[in-house]
């Protein structure tokens, strides 16, 4: 185990997989010479050369489409899209290209990874602060992961690179500096599709994604002061969902809060609520509460941005409501 | 300039004959109400796809559009599998799942028809990038239309291909129309290859109805790509004599213009070039052979069963309720 | 009232609004000389000239972005996007542009309409048969309507054109030939945000969108044979939802089926289920059932396509399940 | 060629002075930890925005990028409102909701900064389309970078503008870098205006550090647009002397290159041109006035309150839970 930042854990995962497999290559805006605006790819161009670590023009739509066919013809591209706000630009490549070939041309492998980061809290304004999770999670045939800890960041990225089909990895700008212990084992991976219980509890289950897991953990502490025992589950993989983990937790607590930093209407939290409706309705004592960004743009100024982002207080309030 | 052998000309002529017969058969089936959805025939444009693909090795790749029949056949796909796929049959080369616009076959180097206009362009660049990363000598060839040339991904892909000197050949099949819209209503410039300079790649205009001319331009471009000298844009001027698709209601193409282009039928041009080389009886025999082959393929396709549905369980399954 | 096809009703709405307001103009691929691939704009170029009815190059991303600023500077653009499968190409203009300005630059008006059509059943294959409703419905500040009847097609399109903010109109390729009576009144509009009760019932509520309303109607007939009284509600507006109508129906039936032709995971049906969870959980006798496309590409061949599309039998089966 | 009056030169010089002071103040505030999020300074590029906007009427429109300070001021926005917005203050011209990258003001004809690279380009075409539909004589001017020139929407927008002869002026502010990536790593051609021919519009290269040269090119392009002759692409060669943004960690711009460009400071060039016309004392007075104005604006901005949150109830509300 080594203590490191989330960004470093990602960097290590990339480095290890590039050593292991010469067909892995990286491309994206400002990732090579500069090492990425969040410094995730720092040093990799020097180590692996400018062919396998490429700076690109600002052409997201094409880069994503290139990843699809490059992956179908013997390489394992890892594409960095600087902000999740640019997901609309890569969506044709995902929805109309990547999503269809495994079915249409059975036997096709498409091992590419699209890494991006979203979310607010950095004063980046309405076009650089969104979490558009539901747009990518809506696409069949594409896995979506969202690690919160440095260890999960490393393990899920390595698993994603080794996967035979497309994986979208949603990072968060406020997580890159989180530090924690990370396994050194070259074959350490985290299985895609498995949730992680962060806090065990009896009264209410809080299912959260990405940075909202940290807020949910804080919410659990707030609730504990009131004698409420909250279970916090980090979904880690947004698609496919770890249904057994969700069902088991609700069977225990009978109440649920779902937390996602994206917009509410047709957002990822809606799917969580609907999934629970499908699979655990009869276990519920109260309606599932959704905690999300309100349906509006993320404002720029600090007090405004702070007011709209979901946080521990809002999550705790929602949990209390389910129990009231 | 490469000098074409008689054999090469003969092979291309045969392929064009087959494609034309396929297109006509599809027209007949459509009129008889036996097809489903619009089908995009390439009558009159066969020389582009057949001539350009003839410059490729089997290990090379192509990407194409909604109008890919000549490209599929040129790149070596079996006509039965293609025709059966167009008819949605279980025997189709994609089991009827893909349909005429999305045929793909990785083994044969066909990385797809593509019904998103423009999408064949980055698809080809991605394959070329893969070849460059793996340091193979594979070349990827992209077919796209004059309509597709106006899409953003066309620009992005050509810029990247020029910048990275990707081994790709961009074949712009300029048939004068987008869907129903004339080129003059899609772009202020008629010769789109003049844009190649903006991507530091050569842009060549070629007679798209002369299979030999297309072939020769493609041979040069493929050689350039394979050597590592980067991409080329070939603008093949041609014409869509049968309209946009079988569901096209027509009325927007000028009758005189159609007649003028029909006189420049690529099959006729190829025939005229072969006549002094192999004589009329050999050409007649080729035509008869092709007709026989097509008749038997048609019969088999029509008799083939439709597929049965099986639930798809991809690697990211979430199919729970049907 | 005049009997006409759905496509004609849309045509009439466009013609009337263009006469009424010279700032209304139409643009899109093949809409002018040819009159549109579904013939919705037939004859309008001849009537209003080639400046106000424009054929465009194939450049969806730019056309949508142009609609946004054209609308902010004094015109009312109506943009046709030929297939809903191309919605990914216009999503940046909607999510990163249209969605933010009303909030950021308060007082701004953005009266544009984006018409498109989606859905399967025509053998158009994986890239021309999708209903990507949830992608557009996820965007704050944008209204989404999906008329089923010719009268609603006319009334909602007129309301959309007169609206001061963006409206996306989702049509369906299999609805264009539906015929029914349509009001002649030049000021006939259908209010955005109001659902329509298609069939009244007591036992189960079926909330459906677009062509699925017709299948739900048939499902109600099937159910009636078994003595089950189903209420069918055509949501008509996907965003903002008619919450009172949804709540009132569930308060009566206590069971619900939601039907949408899009994919299931993070699809529009998930929002309907989650909305009911939020607002009517305590009224429910059974979990809300989702009927959608399975999470896979729409296949081309007729038997395969037929097998995946939601239909009356599947809807009736889901309704029976809620009552079992 | 238009001959510039002394008055015109003076006005532009004043505006450049103010913008430079704003940029420097932002740098100081950033170092003091008083700004939030990266801020994109335009030091060294002021002549492009100030020169080009000076060719517009108040009723004309601009669209710009994440690096829009000179364009905002040039188009007539009040420096206090802009500065306060950058600082997220309630007094900001968008109440602190928009921030430095998304400032907009319909009255002033500023249809936005835009932090989606390339998005300023179709935005300008859309405004020009609106002018054409309404048959006004308004012109729309678009600012975008060399990085943005590689985006798909750039191609699509220029094709449409050329095709429809839209009244738009495309000002490519070529500062040699995308974010941290040199132009040679973004495109195989250094002079991007050679692409203009592909859209049937004139492409002109101009010294972007000479405000008079930019102004003159803009005057011609604006006149052309207003007459209905269609768009022009102006490629203004300039340089970003202070890096991409305040959060730029540097290291990728060559020190010697920076020094070379600093010698061509647009303020110095403008000063040198004015010196024989109005003399040193007048120039000094202008500098003093600008410094005084900036000092008082800064004080007021820093003292201004932050906004309080109010729930947004747009016309399509679905805000129920906060």
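Labels for the chains are A, B, C and D, by order of writing; each one numbers its residues from 1.
Please note the rule applied: contacts are C-beta pairs under 8 Å (C-beta built on N, C-alpha and C of every residue); 3 or more make two chains touch, one makes a residue touch a chain.
Listed by chain with UniProt protein names: A, C = Alpha-ketoacid dehydrogenase subunit beta.
Please read all numbers here as calculations on a predicted model, not as lab measurements.
S.K.: With chain centres set to the mean of the C-alpha atoms, which chain is at the far end from chain C?
M.R.: The chain farthest from chain C, judged by C-alpha centres, is D.
S.K.: Quick one: chain C and chain D, Cα centre-to-centre, how many Å?
M.R.: That gives a centre separation of 40 Å.
S.K.: Suppose each chain is reduced to the average of its Cα coordinates; what separation in Å results between chain A and chain D?
M.R.: Between these chains, centre-to-centre, one finds 36 Å.
S.K.: If you average the CA atoms of chain B and of chain D, how far apart do the two points sit, in angstrom?
M.R.: 45
S.K.: Specify, in ascending order, the residues of chain A that touch 2 or more different other chains.
M.R.: Touching at least two other chains: 57, 59, 61-62, 85-86, 92, 96, 100, 103-104, 126-127, 140-141, 239, 265, 278, 290, 295-297, 299.
S.K.: If I count partner chains per residue in chain B, which residues reach a count of at least 2?
M.R.: Answer for chain B, listing residues that touch two or more other chains: 95, 97-98, 102, 114, 116, 150-153, 156, 159, 163, 185-187, 312, 314, 317-320.
S.K.: Once you draw an edge for every pair of touching chains, what topology comes out, line, ring, star, complete or other?
M.R.: complete
S.K.: Quick one: in the complex, what on chain A touches chain B?
M.R.: Its residues touching chain B are 23, 25, 51-52, 54, 56-57, 59, 61-63, 65-75, 77, 92-93, 96-97, 100-108, 140-143, 163-165, 239-241, 278.
S.K.: What does chain D use to touch chain B in their complex?
M.R.: 150-156, 159, 162-163, 185-189, 192, 194-195, 197-201
S.K.: Where on chain C does chain A make contact in their complex?
M.R.: 61, 85-86, 88-89, 91-92, 94-96, 99-100, 103-104, 126-127, 130, 132, 134-135, 137-141, 239, 263, 265-271, 273-278, 281-282, 284, 286-288, 290, 295-297, 299
S.K.: Would you pull the chain D residues touching chain C in the complex into a rising list?
M.R.: Listed in rising order, the residues of chain D that touch chain C are 61, 63, 94-95, 97-98, 102, 104-106, 111-112, 114, 116, 119, 121-127, 129-134, 152-153, 156-157, 159-160, 163-164, 312, 314-318, 320.
S.K.: List the residues on chain A that touch chain D in their complex, please.
M.R.: On the chain A side, the touching residues are 29-30, 33-34, 37, 55, 57-59, 61-62, 85-86, 122-128, 264-265, 290-292, 294-297, 299-304, 307-308, 314, 318.
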